[in-house]
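What follows is chain A paired twice: with chain B in the first complex and chain C in the second.
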Partner chain A sequence: MRVILESKVRAKPNLPIEAEAIIPRNFLKGTDLIVYEGNKERTLSEMFWIFVEGTAVSPENIEVILKGDTSRIKRVGEYMDTGSIVIEGDIGMHCGNFMSGGTIEIRGNADSWLGREMRGGTILCRGNASHYCATGYRGEKKGMQGGKVEVSGNTGDFCAEYLAGGTVHIHGSAGDFPGVEMRGGELIIEGDATRPCGNMKSGSCVILGTVHDMLPTFEKIEQRVLPEWKVTADVYKGDVANRGKGTLCVRS
Partner chain B sequence: MTEIWVKNACVIDPIRGINGEIMDITIRDGRIVESVSDRADVIDAQRCLTLPGGIDSHTHVSGTKVNFGRYMSPEDMRAGRTKRKGKMHVTSGYYVPTTFGNSYRYSAMGYTTLLEGAMAPLEARHTHEEFTATPHQDMLANTLFDGNWAVMDAVREKDIRKTAAVVAWTLKAARGYGIKLTNPGGTEAWGFGEDLTGIHEMVPHFAVTPAEIITTMIRANELLKLPHSVHLHCNNLGKPGNYQTTLETFDIVPDLNPDRQTLYATHVQFHAYGGGTWKNISSKAEEITRSVNSKPQIVMDMGQIMFGRTMTMTADGPMEFNLHCLHHNKWSNHDVELETGSGIIPVTYSKKSAVNCIMWAIGLELALLTKNPYQCLLETDNPNGAPFVKYPEIIGLLMSKRYRDEECATLATGVEQRTSLCALERELDWHDIAVMTRAGQAKALGIINQGKGHLGIGAEADIAIYPIRTDSVDPAREYRKVVEGFQKTRYTIKRGRVVSRDGDIIVDGANATFWVDAKVPEDLRMENDPEFIKRFEQFYTVRMSNYPVQDVYLPRGRRIETEVFT
Partner chain C sequence: MIEHDVVCPFCGCLCDDLELVCEGGKIVKVQNGCALAESTFMNDVRLPSPIRRTESGWEDISYTEAIKETAEILQGADRPLLYGWSSTHGEAQSIGVHIAELIGAVIDNTSTVCHGPSILAIQEVGHPGCTLGQVKNRADVIIYWGCNPIEAHPRHMSRYTTYATGFFVPDAQRERTVIVVDTRRTDTAGIADEFVQIEHSGDYAVLSALRAIVRGKASVIPAKVAGVSKEQLIRIAEICKTAKFGAIFFGLGLTMSRGKYKNIRNAIELTDELNRHTKFVISPLRGHGNVYGSNEVFTWMTGYPFAVDFARGIAFYNPGETTAVDILRRGECDAALIVASDPGANFPRAAAAHLAKIPTVVIDPHVNATTALSRIHIPCTAAGIDAAGTAYRMDGVPIRLKKVIDRGYPDDAEILKKIYDRLNGGKEL
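Presenting the complex of A and B:
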């Protein structure tokens, strides 16, 4: 089954819409869902033109497609566990929070907090992702714990903060402090990064571009070839300032 | 004129010696009276358990330290969210909830009076502001003197009158209620990067020992005739083998007051560890309770821990640093100028950790081994041991051997070998629980005269009616009913108004803050003491004239005056 949601023109297009109801499983029972525009409760049909093609008996077969101006829609795919969501344009903050399964594809850019505290599934962002991509909640000890986040463009600051499991793959560059407080998992940045992996405890990080302002609290242990990338990299252990045992590989 | 007539209440009022009598309680204008007119609102208690309003004699619910706990744990604000409902504000948080969250949850459990365990005098304004936002409980603030320079100077000079004068001035300036000593000397030593390991060690730079601070403060406290005794958090908290320090401390306490204890030792569970390292830590609750049983001058409280996540916050900065070195999680440390310090870290007490399991067992052992329930009060040092919402579970554990055994079966090994909990058959009764949650607190805090902790004629009409029928519930077997019953009162009556019904708050609160105006002879007025003023202006970042809390911070302050000593 395919559900196409095309956003309607709004009088105040900057008002955020909180749409945690938009997950594939919810469309099994129809499209009578509630979203919030600012502090006002709205039905889904007030905000979107809804087209449903075909039927489905299980949520795995449901594909939700968002079209039109979706850049102010927040929390799409929160607690999603199966099925797929395709966003043709940009998406607002907190897309894929707590996601545990299924796939989200964003053809445009994603705003901050993409895949926060994710536990499983896949998020593919074709454009750029903003700050706090694949991180955790403020104050919480564990961020993303499983699944995969792949960003084709660049990310903002604090990407993969408190990463505890799963894979984060950034094809472009990351901003300041990627992988800070990492506890596990894998972070790959193909572009540049600034001050990566501060206070890292465990996990591994590979940076194939240039590292600006490398932190002095990482201990270089060897230089080796990374076969999957076919490059030679300096391998660091750290963050020694906090007894960390993470691995940071930076292209030599 | 508002009148309430509570009918058919099964009253336990230990202070007046009433144990389970079915009787009526009549209330007029916030006080309990002989009789009321026919127009009074009638509450049919249906023979349910009716107790004086609960009193927590050591909790951390207001002030800078608690608030910094809130800053530090935004993740906690995801828990315990409730919406606005009638008169209730929104609340959030589990172990460091919003002030209204604290107030509503305490009220739902039948608590009507709280003592904030540690208020730094310099930060008293903030504490009093939060008191006004904790509207359903009367508040008292223990004031920290553990590292007060003026006190330590007076102690070094062995001048009890001068010590008393400094205490009186500071209590009045901070609108505090009693003397709190937290790791006396130790926190100030830590301020200079050093630490103390025993009560007979010199505090660096001050040439006094913790033992001298404790004994001098006790004598000054009794000289001032303060309603509460010295409230002590012993040295060496949370260190294996620290029971020695605790026993040494108890041994130097004189018995000076026939009406109440002369030392209130708080969260003794954290001070009753044997062994030498975390690996061989064991319970020394038997030694501690043996000492307390033979010393009527000491009252302690449990400091029970319960499993789960919480935040530890105390004025004991060095202890929190040591804990931080174990946990490597977030940590905050704070120095309060010439007075004290504090530290905060989050912890998770886990059933998988043998140390945590032993700590859990020690708290219960203390309560079960203390013969007189007036000498071991029930609390968790909220939120250090557990958030106060766990009190009903602790009551259930104390009243049911079966519940304890079932819990023990889920714990890590070591509890049976290193504590005596499993061998204790004692099950507390309703009367003991009433003592440990209100009567004992009222006596220890010296607020019986203020009409707290009992239901006699003229007492404040603070009443908790729990949905428990003591004649039909067997706490040893049906402990679940006991726990549920104590979680939510049918009615909580605060100063003659029903504030909470079945867990819902139904009125805006109007609490009072009690503070002590201790009188001193004319020649001991600190505001006229040139040496004190000079030191103050030299070292504090505030002027002495700006230091005292203005009355505007206590919209419903209640002053308790003491007699002048000679």
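Presenting the complex of A and C:
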């Protein structure tokens, strides 16, 4: 089954919409769902033109497609466990929060907190992702715990903060403090990064571009070839300011 | 007439030993106060009555009319923002939170542009702090990091640190070692025993290096970290480790430079590390008189200290998403109520520009830069001058602000309560 949601023109286009109801499973029972625009409750049909093609008996066969101006729609795919969501343009904050299964594809850019506290499944962002990509919530001890986030473009600051499991793969560059407070999982940045892995406890990070302002508390262990990337890298242990047992590999 | 033990409401020190000479309902002299206190009490020029913007300028309106129009603006909004709160008393702040809950607004206080990052860091790793009295009586090592108390908190050093005689530190000036860390040589740096000049945005690296040295990993640290030599870092770590009681105070140089809350987190973790060797505490130097109080009031009412979004009927908190600057910059909010603060002067241009586009109401005793962006300005009492109420000092100690004179203005809590009652269909709070 395919559900196509095309955003309607709104009187106040800057108002955020909170749409945690948009997950494939919810469309099994129809499209009578509630979203929130600012402090007002709205039905899904007030905000979107809804087109449904075919039928489905289980949620894994449901594909939700978002079209139009979706850059202010928050929480799409929150607690999603199966099925797929395709966003043709940009998406607002908190896309794929707490996701445990299924796939989300974003063809445009993603706003902050993409895949926050994610546990499983796959997020693919073809454009750039903003700050706090694949992280946790304020004050939480664990960020992303499983699954995969792949960003074709760049990310903002604090990417993969508190990463505890799963894989984060950034094809472009990351901003300030990628992998800060990392305690597990794998972070790969193909481009540049600034001050990576501050206060890291565990986990591994590979940076293939240039590292700006490398922190003084990483201990160089060796130089070795990373076969999967076919490059020679300096391998650091850290962060020694913490009882860090993390690994940071930076292309030599 | 001389009023004794008056509390100055200007900065987070809330000095409570001022003496004011009042004559004919006016304050004519301020004793014991700093230059900032004197200006607060003496240059208190108020707006005479509520004003409303017209096509050609401003017109005077009555309080009833101003309150009615404010309530209408807030009632019709889809994403109202209630911002400020830090220069008024807790009684007014609590009504603000009630209004936010009633109309599904976002309520934020000035921590969002000052010590918000400190709060984020405290939420991650906790706050090893103490009251200023403890520092005064016990601390023999004082670190001022990214702050300049001589200019911003002029009596901090004489009341609590460098020049204050303490029970266990009888000869304060000789016994207390003062370390100042800053990017430039400030006035405070001039009186420091050890001045550490770091490169701009180098705080995080220096704090990490100090942590590593205290942990016994000095061998990893390079010869220079953000412009500071390794020898100096080792010397400072040694001073801290051998202190009887150390206190770190930090300001916006740490919270608002690159890295923000991660800088504070690192400073707190350094404090944590030092506590394995001696007793060490860390505290922010808060700006507005009652900004700590706004955090307290918001927390006991909503569970969160600032940036609370009631759009869904329940409190949601996520700085970066629900903070005033971000909501304004993204052009989300469609009405704003500014109480006891001046975002027009302090916010980034894009955020302030949006305030001018939407109906903005200011409730503040004084005309300020936000007045120029607003639609209505309602003058009120100034907490600590002509209104009594509760304020919290920078170390979390509640202090009762006194009403020294009467200038005939209504209390802002009273104005806010009338707005609340109108929004609630006439039912009283």
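By our rule, the second predicted complex is superposed on the first by the 252 of 252 C-alpha atoms of A that agree within 3 Å, B and C clash if a C-alpha of one lies under 4 Å from a C-alpha of the other, contacts with A are read in each partner's own complex, and residues count from 1 in each chain.
The criterion applied here is as follows: a contact is a pair of C-beta atoms (placed from the backbone, for glycine too) under 8 Å apart; a residue touches a chain by one contact, two chains touch by 3 or more.
These figures come from a predicted structure and were not determined experimentally.
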item: Clash or fit, chain B versus chain C on superposed chain A; value: clash
item: First (chain B), second (chain C), both or neither touched by A:P227; value: neither
item: Chain B or chain C, by number of chain A residues touched; value: C
item: First (chain B), second (chain C), both or neither touched by A:T217; value: second
item: Which of chain B and chain C A:R138 touches, first, second, both or neither; value: both
item: Partner chain in contact with A:S112 - chain B first, chain C second, else both or neither; value: second
item: Contacts of A:D176 with chain B and chain C, given as first, second, both or neither; value: second
item: First, second, both or neither for A:G38, with chain B first and chain C second; value: second
item: Clash-bearing segment of chain C relative to chain B, given 77-85, 131-139, 203-211 or 401-409; value: 131-139
item: Chain C-contacting residues of chain A that also contact chain B; value: 137-139, 242
item: Residues of chain B defined as touching chain A within the complex; value: 72-76, 78, 328-330
item: Residue numbers on chain A that touch chain C, as the complex places them; value: 12, 14-16, 18, 36-40, 93, 112-113, 131-132, 137-139, 176-177, 180-181, 195, 198-199, 213, 215-219, 239-242
item: Footprint of chain A on chain C - complex, ascending; value: 77-80, 103-105, 120, 123-124, 204-205, 207-209, 211-212, 215, 217, 220-222, 225, 258-259, 262, 265-266, 269, 310-312, 317-321, 330-332, 334
item: Parts of chain A lying in touch with chain B, wherever the complex brings them together; value: 137-141, 242-243
